[in-house]
Amino acid sequence: MPSFWSDFLQPPLSGIAFGVTAVAAIFGFISGSAFFAIWAERKVSARMQDRLGPTRVGPFGLLQSLADGIKLISKEDHAPAGADRLLFRLAPYLAFCAAFCGYIALPFGAGLVAAELSVGAFFMLAVLSSEVFGVVLAGYASANKWSLFGGVREAAQVVSYEVPRALCVVVPVCVTGTLNLTTIGTQQAGWFWGWNLFHDPFTFLAFFVFFVTATASCKRAPFDLAEAESELVAGFLTEYSGFRWSIFFLAEYGSMFAVSGLAALLFLGGWHTGVLPFEPTAEWGFWLGNLLNLAVFAAKCWALVLVMMWMRWSLPRLRIDQVMTTCLQYFLPIACALLVGVCLWQLLAPPAVTAATRYVLAFGTLGALLLLVASVLRPPAAAGPAGHLPGAWAGRATPLTAGRK
Amino acid sequence: MPEWFATTPGRLYVVATLLPLVGCALLLLFAGLARNLCRPLRASGGRAGSLYWLLGGDKPLATGAYLATALMGLAAVLAVVGLVMFLGDAQRGLKPDELAARWSERTDWIRVGNTDPATPAEWDKSDSARLVRDESTAAPPVPRGGRALELGYRIDHLTALMVAMVTVIGTLIFVFSLGYMRDETKETVEDHEVDHQTPGTHHFARRGRYGRFFAYLSLFAFSMLNLLVADNLFQVFVSWELVGVCSFFLIGFYYERPSASRAAAKAFIVNRVGDAGFLVGILVAWTSLGTLNIDELARRLRSPDRDTHGSLELAGQLVRVNPGQPDEKGNPTYELPAKGETGTHLALYPALWEDPTHFHGLGHARTNDREFTAPARQTYFDFGAMPYWLFVVMGIGIFLGCVGKSAQVPLHTWLPDAMEGPTPVSALIHAATMVAAGVYLVGRCYPLFAPEVLLGVAYTGAVTLFVAATIALVQTDIKRVLAYSTCSQLGYMMLALGVGGWAAGLLHLLTHAFFKALLFLGSGSVIHGCHHEQDLRKMGGLLTKMRVTGFTMLVGVLAIAGAPFFSGWYSKDQILSSALGYGLVHREHMTLFVLPLLTAAMTGFYMFRLWFLAFAGAPRDHHVHDHAHESPAVMTVPLVILALFSVGVAWGWPLWDADASALGHLLEAGQPAAVRVAFGPERLTAHDHHLVAGVLALLAAALGAGLAAAMYWRPKLDPAAVRARAGGAYTFLLNKWYFDEAYDAALVRPTVGLAFASAAADKRPTDGPAPPGAAEPPPRRYDLGTLDGLITTVGQLVGAAGRELRLVQTGRLRGYVLVLALTVAGLLGMLVGLSG
Amino acid sequence: MIELGLPPFLLLSAFLFACGVSCLAVKRNAIGVLMGVELILNAANLNFVAFARYNPAFRVEGQVFALLVVVLAAAEAAVALAIILNFYNNHATVDVDRADDLRG
Amino acid sequence: MSLAVALFAVVALATGASALGVVLSRNIVRAAVWLLFTLIGVALNYLLLGAEFVGAAQLIVYVGGTLVLVVFGVMLTAQGPLRSLAARPAEWAVGGVRAAALFGLLAALALGPHAPPAVTPPDGPLPGVGPLGLAFLGFPDASPAANVTGVPDGKVFPRTPVAYLLPFEVVSVHLLVVLIGAAYLARAKRRAKA
């Protein structure tokens, strides 16, 4: 892409133009994703709770986010009386900046990256972890006990979860031998059993650990202790409303997509479909190939984000001590073990074993997925005789008074 | 692995050396450490508890002892294999460099100084040249700079034979101990000796110490082997001290007995006296010669062997010079002594130097194709000289160590007391290891001894052999007789070494090892059979009950007395002929022949006295005699094997020529050049008068043996009457020439007295009573004026300084930062100022 | 990358250093002092990296040093905060001027 | 003025200003925020210098770790009146003068005749994580840029390989010990109080 601009402009200006383009594209991606993700979240939660969710604004309520946005922007922007006004205003932008900067090193396709850093994965971890600052400052500046609690909890949680998350990133890095995200993505071109996920049992497990810890560092449920509304009103968000509140949300969704993208890159073959045994840009040219790449990559991000939503509406929130225990007593040793394991695997495993493991893992996962899809698609009537279970799963409405005679 | 050994078979010896250490470590680890760690499991019962029982439970571990014995046996096998291979190599006529490449290695421990190999090493200018061999190719040595403490081994004839001897005898002693120490496998052992010695103790009992015994024994064997294979004095010293500490452990094995612990401490302390001298010798060598490697020390002190082509009469000699005035540059200059003079300094030579232009010997030298003129001056200029008195001090120091270890007069007093240890330990100490170490070291460091020192060695040996033999005449404890005989025989060896009979002395070391081990193990068997009765006066007539022990001991007695065709005959004959040769050349030292001749008679007497008292005649104590029984096979088989060795180990052809001993020839092949050069005339005379010495010795021994027979076997002479006639002399000998009493009076009493006097001075009454209300009386004026006052003043000064200085510590962080910043600013300002 | 030369970075580092020292001097809050220390360490680190950039002999060494300093700074901060918390628990303040129990 | 110089100017100005903010702000939390900006600015400087790995490490360790710790400390110890422990004006004066003097000296050193020799750096970024890791293991920097000995006075620096593994391990163990010690220190007193 820089070369694209240099066709038109002289060196300093082309660089500036590239920067502007990249910023615009990333911003567009974040806000667009957040726009639809908010809608999707409401829809998903509604369906899981046997509701319909937004339906009124636009087809399927698709424009609901737009309406929310307009409402939020038009709200009065106010800060509490005892607040540290400067920090109170600064906090949401800090959080958003961190989420935003994570995208700088995130390639959406082969060469489709704002800045190709040799330490891309490391950089993303570093930048995303500084999102916590916005939250802590928000909690502090709100001059509100609940906010402060939320902020401090968030800080403790994120600082702790950063460690297993980083260790899980190192696991595929051990396999690929580079921190350059573009290289990592390109390495996984080809069939899906070449993805890092299926490289060996350790990367396979590392993916799940990474995903959970990443969810936790995005303060998503069931790890959303920072805004636990049943305990802390709304945590660090208590005093926020209107535009600044929406910025926080933008940051949250931004980081969700960022970690999903990172997971997709590190484990799930990046922008590769897994069924085309070549690099699309090499075969179809930069633009067409990258269009496909972008679509595939976005789809993978979306899939992971949807799983996050699924988790959020399925699982109850943990207590803060449980959150910390999960991290420090379980994830941290597991991640260490995975790291050691993958090193030993790289050093010691004979080629036949690695190949066999790879195929077994890949096709096993594929089979499991197919089974899952099949079981979802099976007509619900087959699940059991109707009328025995209350609610939607029974297939038809049962009057709650039926048992009362 | 085979290549690893094939290129350098000397590594066999490393393995053989380490095997006993492995045995010791295994014993410590499993019998001690692992079991102690598992001990808490014992109470728990169940599966975990069985781990403890698996390791042997509460019983002393016997398996480890078998393991240690097996490892020792393996070491013996390796040593014999190594010996055969080495002799094969030596027979093939390899050049010294090739032989060294295959049979010695070195590696750095610490290296200091300029270690750049590119710089040629001129060691007297703070660097030392040294040899490193390339590991893989066995290439010729490359000099390296710097001074180094090294680890290394070096196998020559002497070492190979000694290692084989030590491991073989060691193995036999291990096997013997398996039977002798059987009591120690019990969970509780009652030690009646403790009850005897400590009033108020009844039925003292302790855990058996089987494993501990074998751990010590293995460590002992390792130390001794390491001492033998070491190629430098540092390693020798380390093993030396290890041997010392092992002897301490083993002599004090029954440490609950006060006598045993006292004997152990005595052995240790007396040896320290000698070791202090040894350390002085080592330090002198290190500071003035720049290396501790024995070969290199020899090369630096003596003109190199290689030069024999140029000037035969100078090779291997000490070359003494007179340092002259400094030249115009301030360097010391040297001049050769005039003909017939000796000079005051010893010229030092470069370590092995392949460049022939660097060194060409002294004065004029002629080879086949060229003539060299007086380059020796240059040699001194380059490599310096060492004051001759320092060289003598070094020799005396090293020999002092040997005096202590080999129990020579006046440091011999520990050896008889060392009999407090279990008998196999006595055998080990007396035959194979500890006392052999001293003689071995004298043989090994032979080129480091000045002629004056060698004369001292000879006289020390002569005095020792005589004194010890006289004491042995009257002892009644079976082990003490043997102990003094050991002393005496060691004196023979020292004497031989001192008078230039290098091969003779070391041959006697080897043969003596076998028959003395035999005698000690035999006495152990006797003691074992007689329920720990050691008094000869209570024995008698044991031959009927203990036939194997009796006859094998007879072989030992014959061998030590010097009966023809027994091994002892060959070596003693050679020693006496060496002494005679020396005495004939230097008439003023004829004593050196007379004393051993007298002692040969005494040897015959006291050894046969021992045997007759124990085995012949009628039983004197029926209580003992009734209990006596032959020992089990595990004890008698080693006796038989040792007896075979004692007879035939020194045989050669023709059998009746004592000079023809095969073992002796092997040793002579490994003889240092210094012997040949320094004792040329003496050796020749000895050879000529060989027969005279042999006949005289034989007659003397026969006389002694006959006297013993007359007194104790066929009683023609009443021992009591003889005793009464001797009177004062008998008491004198019974009290061992009052050596212990003399030491007591000269050293122990004054020290203790001084201590008491000091204590008394310190505990003088106070100046006055405590003032009312105060807990303590006021300090004495005397104290305040002397040491107490000085110390108090120092303390008060420091306190006062602290009181003043503590004001600086304000606790104000910013104050500190201020000072810090000012300092930094000052430093930066200096930089700016300097640069600007 | 950019061809600025060494002096601008050295100047920036000197400025950070001066700020750090003045922070040490004027802050009474122990945590403020800690921040001053962090500033000083960063100034040093900036120098290291700048030298790594502008002197080929230190391309690796400068970065290695910087990394070690970063890690040690983290350790130092952890310990310092623990001490500060302890101090706070005992004295109910973080005023360094009150931390003079050991004054002479 | 090239883009790079402009970038440096912006970043350096922001860094310097934030550092000044750390010194001048009375509120300790604000000081922490300024420190955050300073640290990020320094990290950006590293990126500008081509040391990407060090920059990222600075971000993750300082910004993600140390600073959060600092803020933690602030929150755990801050109380209303103590939030701004003001120094006396005299102290401000002394500190300011001292800092100015130090800055002057350092600047004089950096720019003066004793300044380090100016060397034209080779192109391309500094050795990244791979060469750094190899350097830790004692392999020298193998890139062609490392062979440039462009010191003007002709002095060639010895390129002996030095392994940094030991320091690295020492630092790792140090860090571990320190963290355990810090945890112990921080919790021991609470127990004693309770």
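Residue numbering begins at 1 within each chain, and the chains themselves are lettered A, B, C and D in the order written.
Please note the rule applied: a residue touches a chain if its C-beta (ideal position, glycine included) is under 8 Å from a C-beta of that chain, and two chains touch if they have at least 3 such contacts.
Predicted, not measured: the structure shown is a model, and the values here were computed from it.
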Ranking C-D and A-D by C-beta pairs in contact puts on top C-D
Cα centroid separation, chain C vs chain D, in Å, comes to 7
Between chain A and chain D, the Cα-mean centres are separated in Å by 31
Chain B to chain C, mean C-alpha position gap in Å, rounds to 62
In chain D, the residues touching two or more other chains are 2, 53, 57, 65, 69, 72, 91, 94-95, 98, 102, 106, 125
Residues of chain B that touch two or more other chains sit at 814, 818, 821
Every chain pair meeting the touch definition is listed as A-D, B-C, B-D, C-D
Contacts from chain D onto chain B in the complex sit at residues 91, 94-95, 98, 101-102, 105-106, 108-109, 112-114
Per the touch rule, the chain D residues reaching chain A in their complex are 2-3, 27, 29-30, 33, 36, 52-53, 55-57, 59-60, 63-65, 67-69, 71-72, 75, 125, 128-130
Listed in rising order, the residues of chain B that touch chain D in the complex are 814, 818, 821-822, 824-825, 828-829, 831-832, 834-836
Seen from chain C, its contact residues with chain B in the complex are 21, 24-26, 33, 96-97, 99-104
Listed in rising order, chain C residues that touch chain D in their complex are 1-23, 25-29, 31-32, 34-36, 38-39, 42, 45-46, 49-57, 59-61, 63-64, 66-68, 70-79, 81-86, 88-90, 93-95
